[in-house]
Amino acid sequence: MSEMLKVAVLGAKGRIGSAAVAAITAAPDMELVAALGRNDSLELLREHGAQIVVDLTVPDSTEANVHFAVEHGIHAVVGTTGWDAERLATLSELLAQHPESGVLIAPNFALGSVLATRFAAQAARYFDSVEIVELHHPRKVDAPSGTALRTAQLIAAARTAAGVPASPDATETELDGARGASVDGIPVHSVRLAGLVAHQEVLFGSHGEALTIRHDSFNHESFMPGVLLGVRTVGTRPGLTVGLDGYLDLEG
Amino acid sequence: MSEMLKVAVLGAKGRIGSAAVAAITAAPDMELVAALGRNDSLELLREHGAQIVVDLTVPDSTEANVHFAVEHGIHAVVGTTGWDAERLATLSELLAQHPESGVLIAPNFALGSVLATRFAAQAARYFDSVEIVELHHPRKVDAPSGTALRTAQLIAAARTAAGVPASPDATETELDGARGASVDGIPVHSVRLAGLVAHQEVLFGSHGEALTIRHDSFNHESFMPGVLLGVRTVGTRPGLTVGLDGYLDLEG
Amino acid sequence: MSEMLKVAVLGAKGRIGSAAVAAITAAPDMELVAALGRNDSLELLREHGAQIVVDLTVPDSTEANVHFAVEHGIHAVVGTTGWDAERLATLSELLAQHPESGVLIAPNFALGSVLATRFAAQAARYFDSVEIVELHHPRKVDAPSGTALRTAQLIAAARTAAGVPASPDATETELDGARGASVDGIPVHSVRLAGLVAHQEVLFGSHGEALTIRHDSFNHESFMPGVLLGVRTVGTRPGLTVGLDGYLDLEG
Amino acid sequence: MSEMLKVAVLGAKGRIGSAAVAAITAAPDMELVAALGRNDSLELLREHGAQIVVDLTVPDSTEANVHFAVEHGIHAVVGTTGWDAERLATLSELLAQHPESGVLIAPNFALGSVLATRFAAQAARYFDSVEIVELHHPRKVDAPSGTALRTAQLIAAARTAAGVPASPDATETELDGARGASVDGIPVHSVRLAGLVAHQEVLFGSHGEALTIRHDSFNHESFMPGVLLGVRTVGTRPGLTVGLDGYLDLEG
């Protein structure tokens, strides 16, 4: 019989943190050994024998949390934002001194979203045209969404690398804004509609055919399968992995 | 047994005109009595006993064609553009002198498109949010499409008449163009994609629900059922009708 | 200044009832005067001066509730199921004796769903083909959904009335179930998918074009605009109205 | 400057064959050296110096055509059906004796369809639920489509290999056919609608999210980019490749 994974959650009182606590508690192969809030000591991780820590805190504290974990032989699954190039470089150096430790830094734990972005990047070079339509609730303050920006950048990079020309477009007269925002040359359209949550369509087209990859995110529950996949995998992947897709098996 | 309708086509050599010739020839209740090109005399309509004429010519000749028909007791179904307010007023005066004659001026014969526009206008007042996404082939020179402009104007008018406030939108930072073009306050997004033909989605949303009305036009065959409906109906509707929806039975 | 409508809710402790209590409380033109559970006396409606009662109870008690309201000059907006032909006939007789009273019996308060069904019924006669795809969460026990059944029946009736032949279908070899269930001759396909809530697409097609009417219901909040519309309208519509669409303004 | 590829087409009079002739003629890096019909001798391939042959014939003749090509040092790109396991085995043996020759047997040249199928197979193990909706013109005689069957089989195999349980489904009462056909446990729904051509949606769902991969095929032009990709690649891939996805670069 396989042993239970001993897991701790940092940021356990937050909206996503408390969902993670519930998901880990419910997982048959995991034991929740600590659920820490902002004023709890990291020493509790050691006292409770955590093997893996899930960091869902804030940009200000995530770096110290992860360093503590690595230094004490605890693997880390990190959903907190704020990991810029400098922080990642410092973490890589630290991991070089602790070659058995694994860290996953994942800006997005929704498997469907991670897969949609990856598929879009892979398909990008094989079509004449590509545009993105993202649709969100009307309380969102930024347009386009961060996911749409990142998807467009990955698509543009893939097309440039493959030498694909710009999408054809004969528009001569345009009402300002009709053709969307241009993100590295990829048109992105942002819809804001009461009733919706977070949705994205990447539309590809060539003569005679179209391919559409759509992701719908209805609520934060969608992060939990990705968090559990991270917890189950991080102990077998020493070193630094950025992006949950690094843990996905996409062969075949 | 009902008699066959004797139908003539003007502009019979054009792309849509030749499709109309084929559709009328195939219709079991119609007899094609004349198929005229640009150099043929309108007198041929009388010689062949046309009861109904389908005008699919050009803006320069359509007014004279329709006046000729009205003056000779021939009903007219008109798909040609160029009928501005002045021409319509003149035609109404002429029809007042020929009270038995019927004329249908229809900018769009695709039943699905006509219904989609009408439903969108009816639904407009019952939702918090509304946006339009139209998608066309990349050879299109204008954005948004004429159909999208007209749909947005009808929606905006319906919402104003019902006292509905503007759609909620908390956008603070926007990449130029992301939120689309504003047509009377309705956001319209224009996608141009190889492989596509002509498509439009009207998206309505309120707390907890969304309604989407989508029309796909794949080719000009889609105009023919509307042309035949016009031919079958025009003789029973004396006077001027603008828009095919005036002939649709939408009760119940 | 217009006076506030004095509204009571029956079944106020239920999931939808409590949402109605919240919505009425928040409405600027309504005053919630009573929120009754199953053991509360209907006499409280009179004591608190209710002008309109919203019945969101159970099939066993709704008939008595509505009769009490009608007999005491209180208008009723009813979302409870169980109103068969016999109950409706009895209620009509009672209303004939109270000609100033209005009652709305609405099986569905989601405006988008009501509109989608109505538009589908109106469009039904104008297309060669029609099919329904409904998509729900996998905990649903019946397939197709009640809404899909009703939509298919209305579509079939409209096509029969207009003399439209059956949708073309050349299928010769079919894996059992592939072509869906036949509801009065209309194919209905039921998808059950984790993550979804309640969604329906009605697909119409003719040569060269397609019309799709899609409704997405994300949660019970979607019923509240319809409940409020019912409350605001019922006092001006004496007699019995079945279906919220009877209160919608769909001219023009 | 790179030399032109000398290409011949077999089955050049057929619908797809004649489109291939046009596409190859238009390609700036290819020279069409022969366009053969059913009565033309294969010796013409040698006489005209074909380096690559595109076989778009019929199941009865494709095997002999490909063997002739391999034996004469001509690479082959094959879109004809009828290549069962036995034929493939025989061809592999022949290729072992001609190690410089390349053959691509591709049941589907539409890049979008090939990518959609591959992405669906990759995503299959990461979601609780999966169903397929395929939509075609009403003249189609089989349901489900061959593409839907193959997609369902690949999805089922991927889920079995990863130990994923069956999609949840609480259906207790079902109108016969509502839940679709079961293909290796995957529900498949077949819509037949006038106006449509060939379309497929694979729907994945888990708690809180959904991923949809949709492919639309509007006409046979969609095969041509895949045919040209095959022609450009086959000379660099000695041996037998089955499926155009073997030529796609899907890393990263």
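As written, the chains take the letters A, B, C and D, and residue 1 is the first residue of each chain.
The rule is simple: contacts are C-beta pairs under 8 Å (C-beta built on N, C-alpha and C of every residue); 3 or more make two chains touch, one makes a residue touch a chain.
Everything quoted here is computed from the prediction, not taken from an experiment.
In this assembly, D is the chain whose CA centroid lies farthest from the centroid of chain C. Chain B and chain D have Cα centroids separated by 40 Å.
Mean C-alpha positions place chain A and chain D at a centre distance of 33 Å. If you average the CA atoms of chain A and of chain B, the two centres end up 47 Å from each other.
For chain C, the set of residues that touch two or more other chains comprises 127, 195, 204, 206-210, 216, 218, 222. Contacts between chains leave no pair untouched here, as each chain touches all the others. Touching chain C in their complex are the following residues of chain B: 110-113, 115-116, 119, 121-123, 125-127, 158, 162, 204, 206-225, 248-250, 252. Partner chain A is touched in their complex by these residues of chain C: 195, 197, 216, 218, 222.
Chain D makes touch with chain C in their complex at residues 127-131, 133, 135, 138-144, 167-183, 187-196, 203-210.
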